[in-house]
Every structure is written in structure tokens, then in C-alpha cells.
Amino acid sequence: MRPLNRLQMAWRAAQDIEDGMVVNLGIGMPVACGDYIRPGLEVVIQAENGVIGAGPLADQAHADSDLVDAGSRRITLAPGATIIDSTASFAMIRGGHIDATVLGAFEVAANGDLANWDMRIPNKGPLVGGAMDLAACARQVWIIMEFNTRKGAPRLRERCLLPLTAPGCVRRIFTDVAVVHVTPRGFLVTELLPGLTQDELQARADAKLQFAPECRPLTAPAIALPE
Amino acid sequence: MRPLNRLQMAWRAAQDIEDGMVVNLGIGMPVACGDYIRPGLEVVIQAENGVIGAGPLADQAHADSDLVDAGSRRITLAPGATIIDSTASFAMIRGGHIDATVLGAFEVAANGDLANWDMRIPNKGPLVGGAMDLAACARQVWIIMEFNTRKGAPRLRERCLLPLTAPGCVRRIFTDVAVVHVTPRGFLVTELLPGLTQDELQARADAKLQFAPECRPLTAPAIALPE
Amino acid sequence: MPIDKRVASAAEALEGVSDGAVVLCSGFGGAGFANVLIAALRERGTSNLTLVSNSATHRFSLTHELIEAGLVRRVICSAARGHAPGLSPFEELWKDGRIDLTVLPQGTFAEAIRAGGAGIPAFYTPAGFGTRLAEGKEIRRFGDRDYLLEEAIIGDLALIRADVADRWGNLTFRHAQANFGPAMATAAKLAIAEVRIAQDQPIPPTEVQLSGVFVNRVLTVGG
Amino acid sequence: MPIDKRVASAAEALEGVSDGAVVLCSGFGGAGFANVLIAALRERGTSNLTLVSNSATHRFSLTHELIEAGLVRRVICSAARGHAPGLSPFEELWKDGRIDLTVLPQGTFAEAIRAGGAGIPAFYTPAGFGTRLAEGKEIRRFGDRDYLLEEAIIGDLALIRADVADRWGNLTFRHAQANFGPAMATAAKLAIAEVRIAQDQPIPPTEVQLSGVFVNRVLTVGG
């Protein structure tokens, strides 16, 4: 089977979102989770610019340059929404009122360390944004990222090589070839792409992988990437 | 001339309130200042329960048990008012956004120390309320109190005998027989009740009083106390 | 399932509250007391409470009934004096050493609760420096001024009063009813609002004064 | 005299702003940039500025023009990366050491500004602990967790964008326009709002989102 594409990875992460949760979705792949929340569930999507209850993207007719999420996307409000200021929004985040945040990442370590803000590109200014607050303070931190870099380097590592966003914070990792939980005993693979062996996956990681006895096949419906 | 009564003292303090000021008026005598602000001035009266722009007391027909000031008095809102919560109200106070607070006091020391919260009545619970925040953080602290206690003891002292509310905070004291500024060199009397000599006033204080060269007579219009 | 935080009774609202709970009760200046919930807590008999309330006893609040019923072992407040000439139920217990008291400047009290809800474990404030309330507290200089270190207050339960709620738990407050309520809701593990009306349709986004994210249960009490 | 904070021009709004000022500029996610005032500040040529803005350069903001014009000697932000592939004006100056940079987690950035306006000189936060941004900062344990000490940010000038103002300086914000604006207004000695409409009649008390107590001058810019 082919590895999941980026939207399929967002779909897979979204399946773990539970009814009534308050979730913050990071810029990029994570924000696509909002489109794939299981039918019948009501979830509050928090955007760190203060939108509490973000709805789908606005269509052209309703797009408003003042009604945006943290990624400057023109959105709508879900029923029951409100908008607060940045101080209040981060008070909500830091105070542990976000049940789960879904973020992108460069690397995750077996102890849950997260590196997702600094790729050490020479002379490019640092971009922290809200990632450190979210990573340190959300009740659960979930990551969506490819299992390996484009050059094939492992993103699941014994220790992160890149600068940390927060230590010991990651609980789940949704990748293109596996779903991995971070446990007190390290990485635990709970879903594996059909056609890939445990040994093959282990070979692509820099840390010891354990495999859950009930490890299931990783599947997702067909979702086409936009052009 | 007779000493000023309590409403006359509030009137006298109110004459020092300047156009455009944001003022907080303490429970008791100070809150009466709101009735005597000079005509033509627009002032924002802050009540520490969050009313920003308190108006006069409500008449019976308009009294609302939810529209109250910090002293539980049923009030109206002035034009341009808004209401914020206690956290925001004290952020405003502590952040130095109150131009002047007018408070009652038991004692003031020559260095500006204020004692207005604990009279050491046995077994009565302490009542701090917002006084420490206001005294420590308002840009100016003005006091309305009688020059002496009912038993004749001095309230203007070299050092306070009662527990402090805040050190070195008081700028002006409006009493029944004198107006006194607190300066880096101690108490400076700027207004004195006609008929009272400087020596007589000094005899009623526990600290050295200086008298301004331009010391004026303390006067107030006749204001009857309510029954 | 649609989010719906409305409960049918005060008993249901208080379900799961345990002895020893730290209870945050809103109300100030006569407005914003959740008296239906406070009365229900007293009837429930949940004991050994820490009561966090601006006034230990306020003539418009029923917190004194919790105290009189012997359910409170500790009070954190900014005002602990009864209004009546004699000793209040609180003062009677306090003078006999049967109830512990922590008094904070009101701004520190409010800020400590806000900090509890905002993930700030401690902060510095100028209020109280140089006074008896500074005893035992860390003093630190920033710039040309001295400040006290104050720690956050976190509750197990917040009982607050609001005007309108929707099924998401969003709230509006009438006039000065908000006071400590919004901060208390953020700082408690279980935040319960008693409201005049709880409606199906959402409160318009610009009218919401406290996000339902901070509110766990809503009880309609009218009034 | 009636309170009236409305001014006739951007030049009048900026009267008295001095070289070396610490300037707080609101805006995030495309909303809430006070671009008329920022452009006027650049034209004025006030230099040696410390720019406090969530993004050093944001494609919807004109702060990069202040930077390009060489008026900024220091930036405090949470994001300093340009959107375009090449180096931004900020990055060009920064790599040459001609501009100082302090990066904070966005929540710390917001909270530090709020603290500046709220009389809190410093506070502890978990964000940034265990990261490179903790370097040189005091670490302290409360309970079972480690926190960083962060100091308040206070500005000489805040330039914020709002929707409606009244003559008292009360403000409303459209949708996500508020972001850092309310806190920045509280934290600056001179807070200026550019607004769509500034009206004579008061904004209804329940609709005010930022009290005019925190706003010194209001400039109508339409839009």
C-alpha cells in the first residue's frame, strides 16, 4: 500500500479527536484535521489568535479579512463560537484548557521531546509563534509528520538533534506509514502501513520501536491532494 | 468657623479632582466626592468591582441589584461607561491607570505611610479589600479623614501606630480643619480652618507640620449631613 | 453528540464534588453570588472545604451558611469582617482557631485566581509590600521598586452566577455580576454557572463574556 | 470639558513621540494592523525604535517598512521569519548584527505585555522551559514542574487597530482584530488606536471591548 499523503495523515489524526474536545490545530497539515472530524461529533476548534470555535474556510462571498485563523486563512465561525484577544487565548492554552493540540514537527524523541520550530537555516529569522506554549501546556500533544525527512533521515529519534520546542510533551505521532504513541517506555507503534514490516519500519527510525500486540493496519480513505 | 463636616470634607477633596482624571473613590466619605466634582469637568469614576464610569446613585425606579459599586450601592452608569471583571479592574488599578484614589484612613505618617485597614479590634476579621492595591498603585493617593480621632488622638503622626496599608503612598490629606500635602520634607499645611492658629493645629498633630507660605483659609459651602 | 452543558438540578450540578474541595465562590458588591448552588452545597454536606471568596461573609451571599454549618476549614479572601455589630459566624469560629484564614489584597486575590486559570504558577505584585500581609513572603526588587511573590490559586470547584448561558456554556453577565466569576471559572477543575436563562441557540459571538470552554455545567435558576 | 480623544491627523496622533521609543504594534493572522499609524511613524522618521510586534515582518503589516527605513534597532517578537523565499529586510539587518532580536514564545509575549499594563513586573511560565529560549533565564520549580521567570514589557507607544471608537476612547474590534491590541494599549504610556469610525455617542457599555481609560488618542482612518 502507498504511504498516506498529507491529507490522509490529517484524516487519520482527526479520527482520534473525541466528542466535546477543545482542540488547537497547527498551521499546515494539522489545520486540515478540522475537515475530517468524525460525523456526529461536536468539537471546539481553538485558533491561537483567539477564535474559539473556528468553522470551515469561508467561501469567496463570505470571506472577511478580519475573520482569520492563526495562519491568516479566512474562516467562518462554528455555532457557539466567540473571539477573545491573544492574552486570553494564551491564558486558555497555558492554563491547560486545550484537550489536544495537533502540530507539525521536524523530530520527536523517544522521551517525548519535540523539535518543530528551528531547522537551523542560516540567516532565516527564528519562528517560535505559539508552538512552545501549545507544546508545553496542552493536555495532549499530537504530531503529524512524515516518518522520515525527504532525504530519508529519521524523524523519530533517541534524542532530538534540532532545538527543542518543549521537553517530554508528545503523546501521539501520526505519520505516513505508522501511528506511534509515546509511552514512558518509549515509542510504541500502534498502526503500521500494510506491506511494511516491523523490521523495515525499525530500520527507518533512530530509536528503538516497540510494537503493540494489537498493532493494526494503518489505513485511510482515498483523499486527493489539491493541485 | 466650625470644622468641616464629612460631606464638606468630601466636597473639598473633590475640588482637587481635575478635568479628565480617572478616579477611584473609597467606600464611605470618599465616594461622596462624586457628587461635588467641579461643574464643566468630565471625570471617569472607577469602582473596583469593575464599573468604569460610575454615575450618581440610582433612584428607586431605576435601582438594579446587579448595577452596584464596590460598596453595594445601587448606582447608574455615566455616559461612556463600561463594566469589566475584577481581574481586569485590578489590572487597571495595579497598572497605574488610576490618576487618583480618594480613601479614608485611620492614620497617615509624615513619610506618606498609610494605615487604613486594621484598627486592631479584637476578634473582628481583617478587612483589606482593595485598599492595598489602590494605595500602592494609584498615581496619587488622597485621604479624607478627621484631623483627630473622636478621643482627640492625632491621626497625622511621625510614624503610624496601626498596621500599614502601604508605605509612602499618600500625597494629600483633606481633614475637617486643614488640607495637608505630604512632601519629601514631611507634612505641609496648605489650607487651615479660619480661627485656628498654626500652633493650635501643630498641637493636635504627632508630627512636625510645616505651613506653606501661601497657606489659605480652608472653606467649604454649607452642606447638611443626612439625618 | 451536541455539546450541552445544561443540567437539570443543583444536585446534578454538584455531582462528584468531594470533601476537602477548594471551592471558589464569585460575588462582590451585592452582585454575582451563586446562592442556589451555595445552598445546595450546604445541603449536600460536603465538608472540610477551603472557601475562596472575596468576602468570608457578605450580607448578600450564603457563604456564611457553609461556615455556620461547620463545612469550611479554611477561608481565602480579602475581607473577613462581618457587617453586623457582633461577631459573624466566621469570626466566632476564627477566634476559636477552628477555621484557618488567609487574607490577600483584593487585586492579589483576583490575580492569583486568574493566574491559576492561566497556567501562571506565581507572579510579583507591589500590593501588600511593607505591610503585615508581606510576612513570610518573598520580596524582590525589579527596577526601583519592591514586590511580593504571590502564588496562583487553583480550585476544585467554582460556583459562579451569570445571566444567560447557551448549551456550549458560553456566558453573559448582567452589569457588575461578573466580578470574580470569569477568573474563577478558569481556575477550577469543575466550573458551574447558575444562570437566569440557558438557551439552545448560541449567544452571538460578540456578546459572549466568558467562553464555554471554561464552563463545565450550567444550572438554570431564573431570577 | 468633555473627554474627547479623537485627533484630526496621523501627525497629531504621533505628536510627542521621541527617538528611542519602545513601540508596540498589534496585528496577527492578517487582522488588526495599525498600518496608517505605522506608515505615519515611518514618515515622521522617529528612529532608534524598539519594535514590539508578534511578527517582525508580516505580509499584512507595514512594520517591515520601519525596519527597511533603518528606524528600528531592536525587535521583540515571537516570529522573525519572512514569508518570501529570500531574506526579509529584517533578516538582512539581523544577519549583519545591525538589529537586536529577542524572541519569546507567543503566549509569553502576550502575557509580558499584559503584565506591563497590569502592574506585574514579572511572572513564571512553563513555556520555553527546556529550550534554547530559556538560556540566561531564571528557572524555578513550583509543585512538580519547572518554570521560567519572564519580565513585563512596557512601551512608550502602542499603535493598535480597532473598529469603532467613541469620544471616550472606548473601542470595539471586528472579529479577530483585537489580538494583541487591548493588552498593548494597557502597556504603553501613549496608546493610539486607528479606527474605522469614531463616534460622538458612547458605545453601549456591554459592547465596549477595551475601556477608553487605556486609550489616549483615536484616529479615524475608515476602511
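In this document, chain identifiers A, B, C and D correspond to the written order of the chains, with residue numbering beginning at 1 in each.
Note that in this section contacts are C-beta pairs under 8 Å (C-beta built on N, C-alpha and C of every residue); 3 or more make two chains touch, one makes a residue touch a chain.
A quick note: this is a predicted structure, and the numbers were derived from the prediction, not measured.
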B-D compared against A-D, more contacting pairs: A-D
Rounded Å distance, subunit B centre to subunit D centre (Cα mean): 35
Where subunit A and subunit D are represented by their mean Cα positions, the distance between them in whole Å: 29
For subunit C paired with subunit D, centre-to-centre distance based on mean C-alpha positions, whole Å: 33
Distance between the centres, which are taken as Cα means, of subunit B and subunit A, whole angstrom: 56
Junction residues of subunit C, two or more chains touched: 111, 114, 118-120, 125-126, 206
Where subunit B touches two or more other chains at once, by residue number: 83-84, 90-91, 93-94, 137
Chain contact graph, described as a line, ring, star, complete graph or other shape: other
Pairwise chain contacts, counting only pairs that touch as defined: A-C, A-D, B-C, B-D, C-D
Footprint of subunit D on subunit B - complex, ascending: 19-20, 22, 40-42, 44, 46, 52-53, 77, 79-84, 90-97, 137
List of subunit D residues in touch with subunit B within their complex: 1-3, 114, 116-120, 166-168, 170, 186-187, 202-203, 205-206, 208, 211-214
Residues of subunit D defined as touching subunit C within the complex: 111, 115, 118-126, 140, 142-143, 145, 147, 151, 172, 206-207
Partner subunit D, residues of subunit A touching it in the complex: 47-51, 64-72, 83-87, 89-91, 93-94, 118, 123-133, 136-137, 163-168
Complex contact set, residues of subunit D against subunit A: 28-32, 54, 56, 60, 78-82, 87-88, 90-91, 94-95, 101, 103-108, 110-111, 113-114, 125-133, 173-183
